[in-house]
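Some structures to go through are shown next.
Each of the next two complexes has chain A plus one more chain, namely chain B in the first and chain C in the second.
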Partner chain A sequence: MGHPFCFWIAGTLAILTALGVILARSPLYSALSLAATLLSTAVLFISLQAHLAGAVQVMVYAGAILVLIVFTVMLLNLRGDSGEKPLRPAAAAAGMVVCAAFFLGLTAFFAVDAPTPPAVGPEFGTAGAIGRLLFAPGSRFVYAFELVSVLLLAALVGAIALGRPGPEQGKDAAS
Partner chain B sequence: MTPEIAISLGRILAVIAGVLSAVPYLVFAERKICAYIQDRIGPNRVGPWGLFQPLADGLKLLTKEEILPNGIDRFAYLLAPALVMIHPLATFAIIPFGSSITLFGQTIRLQIADLPIGILFFLGVASLSVYGLALGGWGSNNKYSLMGGLRACAQLVSYELSMGLCLVGIILLSGTLSTSQIVAAQEETLLGFLPAWNVFLQPAGFAIFLICAFAENNRLPFDLPEAEPELVGGYHTEYTGLRFGTFFLAEYASMITMSALLVTLYLGGHHLPGVTTRDFGPVMTGLISTAVFGAKVATVLFTFIWTRWTLPRFKYQNLMSFSWKCLLPAALVNLLMTATVITLSG
Partner chain C sequence: MLTLADLDAIAPEITLAVTLGLVLVLDLLFRPAERRLTGWLALSGVTLAASQIVKNLAAAAPLPSAAAGFFSGMFVADSTASFFKLIFCLAAAGAVVIGYRSSEISRARHGEYHFLLLAATLGMCFMASAGDLVMVYLAVEMLSQASYILAGYIRNNPRSSEGALKYVIYGGVASGAMIFGISILYGFTGVTDLVLVGQGLAGTASSPAALMAFLFMLVGLGFKVAMVPFHMWAPDVYEGAPAPVTAFLSIGSKAAGFAVLLRVLFSVGAQAAPGGGGIEAAAIPWREMLAVLAVLTMTVGNLSAIGQRSLKRLLAFSSVGHAGYLLAACTTATASGVSSILFYFVVYFLMTLGAFHVVVLVSNATGRDSDADYAGLGWKQPFLAATMSIFLVSLVGLPPTAGFLGKWYLFTALVEMGSWKFLLLTLAALLNSVISLYYYVYIIKKMWIEEPAPEGRRVVVGFVPGILLAVLAFLTVYPFGYGGAVLAAASKAAGDRASFLR
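Now for the complex of A and B:
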């Protein structure tokens, strides 16, 4: 069960690190902040009983996609010194006003018309429940799910085809 | 403080203290065993049989000068040693290191957290272990460190795949993601005499998992990230004193964690065939099961050390093609056969 303590810590961390993503001057620190944001969101998922969603979030986003981003930043050696612009006070103020307006709007919306979330059973969010939802005989999602995996496979094959050296370059690489 | 929180804290402290204090003696055991394999004597000067050697080594690391090299990325450089400790310590949270023990009227499960997604937790934490190595290699501002860090990451990512596929086989067999239930599923006997350990049900999976475990821990024959003749010392070349010590500690701690996981998944966890079904009383049952678990982990650790001092190192390109062209297809075939057998037998 989600403990309020967990929620406050992970929620605060998620917001702070999300600010870090846009405020950090170095691309690497931005990427690392994003990793921390994703991890805190995973904790939020888990404290809401969506264990599988939390685990997948860590494995796929924090563990695979962000590692790729960090690699790219490291290999291109983007240290963040080049082309650094000073923070413009007017732009920062405008950004803060927009954020405040958006936040107030959201708060007002939930204060007036708070949608009560439907109660969930103890099975909700477990790997078994999601598996049955996706793959049980007669499931609505089974074809969609399989089609998505075919699409991902096509993207994979396409990436390899594009990334392969052509016949000319291939000879150079082999020699 | 409620008893639940006290019990949880107690278990966490016990596990961290246990793993971290086992590390110096693992290093000592490694030095002794390698000495015997090479027909030498090994450390025997400090204390009886050299038993205080790890203490002396630790003191040496503590008192060494901490050097911050020029041109480093300070944040990444200082963060990396802390990040590498996450994987070995966090993974231990899901490992049941004993059955249960009754102290002061409270029955305590000997596992920090029995998560419903235990195996996925391990995979998630393992996929994060890349960060520490990559940041350490990159932050040091040294080409050897960077090369070591990149090699380590490429190796981790490649071998994690085959390891994950082996885990799917186990999940299919036991029908659960929780580590304690996987251990419970291995309690029965096969054909009347063989314990139903997954190593007998999934021998190919066990072999692939073991090879991947060597690679994940950067142990010889897969220690390319720190291959001394090529890379000086890999991603921790520029680290000194206690920061180097942390990398060293993490390496051996993750060896212990990986062995504990191997025991949990394939070697029946804390069960001893024929004995664990008997009850030895509230305290002894817990102690005996923990001792059985410790003995199994020690056996696996001996295999790790034995392999290191027996096999030569791979060439880097062979290391990658071995993972992608041998282990991955083998793991896929293993998974396919497991699924087929389970489907056919209903």
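Now for the complex of A and C:
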């Protein structure tokens, strides 16, 4: 467990920037807030000794995926309002009430005798331990790892099937 | 460690995965106009997988460690899972056959259509066999990813895109909630194996936090089976998706959702009793929760179906209603409850595939999907209208159709429980069947009583679709020839699950 100070700062930042993602008017600011949220979460991971999860969070999410989002926003020139109406006050209030109730409910549920999580060793969550879980011969997660590859293949083909322009459309109409 | 028994158990999945790869390669070799020929490959792959499943199911001695699981418990190949897998294979084969001539899928995109169908089927099979929280999540995602794409498969059609987009957004929220619940369960117990999670919770299950985690998981699974209040995507997706995909999703996706729901409920919910006091003592009151959700689901589904003008939307809400009946049967947690669910899915497959096939034929001819197209169909095309009437009557559950037998077994399993709570649940289901009578008979009335519209076009029924419809209708209207055998197989398969429960 890292320093509690670290937890409070990174946690507060994560929540504030997450609010920024949904409240910012400009898509670009939303994307940048998301980057800040992901980075603060990475700090939380690292303070919990989950170094690999933290590093992956920075490299994959804050790095690769956000760059893609920012590129898309810039290329499509989505600056400022997209002409959509601001949320009605009643809807916004209802949303806030639901969120607050959800938050309080969750806190209450966890405050009332939550089971104590089992203790973990110092190795837990480190890159070495995760690597052994995923790839070591005899590890049960090898099988799940193989399944992920099929899942990604399906997602890839699906993305191409949806995104590919259809030059054959004219021919289709004729046949 | 990997053993030969592991490979034997997973053979159907390997077959599906290999076929999937072959379809992808062949698709590139064929010219656009010929790409739908990959359907034959997909069909033979599914048939081969089905034969392997039957072999596993019919093995005189069940595979060793069938209930304990293969691949160190990641993959459970008990006979209930195998039975569900057969239903998935049937649904996939049906979607290939109906999709072959559908005008909604363009010729050049048939290869990818078959690829995605196989990927979804593979995801379903893994769902039925998931023995670990990680596998549950991955398999559900695999099915979801493929279904999102299939739902939006019609190009330049705003409805199809809208349905797919709603599906993605709702699905993303549901799977987010599910992985949240899974992570809390893992945090409490430190294990991901379903049985071990249940045992780990046993000491602490009175904690509201465990209940919360369980509820979060239920959101993700409820989304898959279109349980109220997570059913909102169903009408839009069913309406927008190509009809063969709709039929596939309404049967396969629902069955897969129930397969994994049953396993999670029975292994996590039932074992989470202090001292292992069986299901009656389960600290998470999942039976009561599920019973309330079941009544809500059937009532909302059936009431919303009334007044729908689009046949696909009507069938979507009706499928929500059917999910309610099946959820009610889940609460029994007995072997006869599970076997009645298995039997119902076979019946549901016959009548839903048939009804959607008629809808495909009619909307292919008219280019739209409205109940006005069915006015006077009985006078113009008695064969089409007669088969459709049979499917609708069976969906209501009137004798002597297969739907009646299915509902009979569902309700018997409920009544057998003996307590007044279950009688109340049965009563709610019966009342709902009466409500559903209204909107199904409305279509039948339209077909046989109303005058045909003068500009109405003739629906062309080809040779193969005609044979398929006739066979489906015959099986639906005369279930006595095969019903006993199917029920025996279902009870044999469910008995296995019951042993898993103890």
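We adopt the following convention: the second predicted complex is superposed on the first by the 143 of 175 C-alpha atoms of A that agree within 3 Å, B and C clash if a C-alpha of one lies under 4 Å from a C-alpha of the other, contacts with A are read in each partner's own complex, and residues count from 1 in each chain.
Keep this in mind: a residue touches a chain if its C-beta (ideal position, glycine included) is under 8 Å from a C-beta of that chain, and two chains touch if they have at least 3 such contacts.
Keep in mind the model is a prediction, meaning the values are calculated, not measured.
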Chain B versus chain C as contact partner of A:Leu28, first or second or both or neither: first
Partner chain in contact with A:Phe141 - chain B first, chain C second, else both or neither: second
Contacts of A:Thr126 with chain B and chain C, given as first, second, both or neither: first
First (chain B), second (chain C), both or neither touched by A:Val58: first
Touching partner for A:Ser149 - first (chain B), second (chain C), both, neither: neither
Winner by number of chain A residues touched, once chain B and chain C are compared: C
Chain A positions touched by chain B in one structure and by chain C in the second: none
Interfacial residue positions of chain A with respect to chain C in the complex: 105-106, 108-110, 112-115, 117-118, 120, 137-138, 140-141, 143-144, 147-148, 150-151, 153-155, 157-162, 166, 168-169, 171-172, 175
Contacting residues of chain B [partner chain A, same complex]: 73, 75-76, 115-117, 120-121, 123-128, 130-131, 134, 138, 146, 150, 153, 157, 177
Chain C to chain A touching residues, read off their complex: 1, 17, 20, 24, 32-33, 71-75, 106-109, 112, 115-116, 119, 122-123, 126, 132, 134-135, 138-139, 141-142, 145-146, 148-149, 152-153, 155-156, 187-190, 201, 203-204, 206-212
Touch list for chain A against partner chain B, complex: 28-29, 32, 35, 42, 51-52, 54-56, 58-59, 62-64, 67, 70-71, 74-75, 79, 126-127
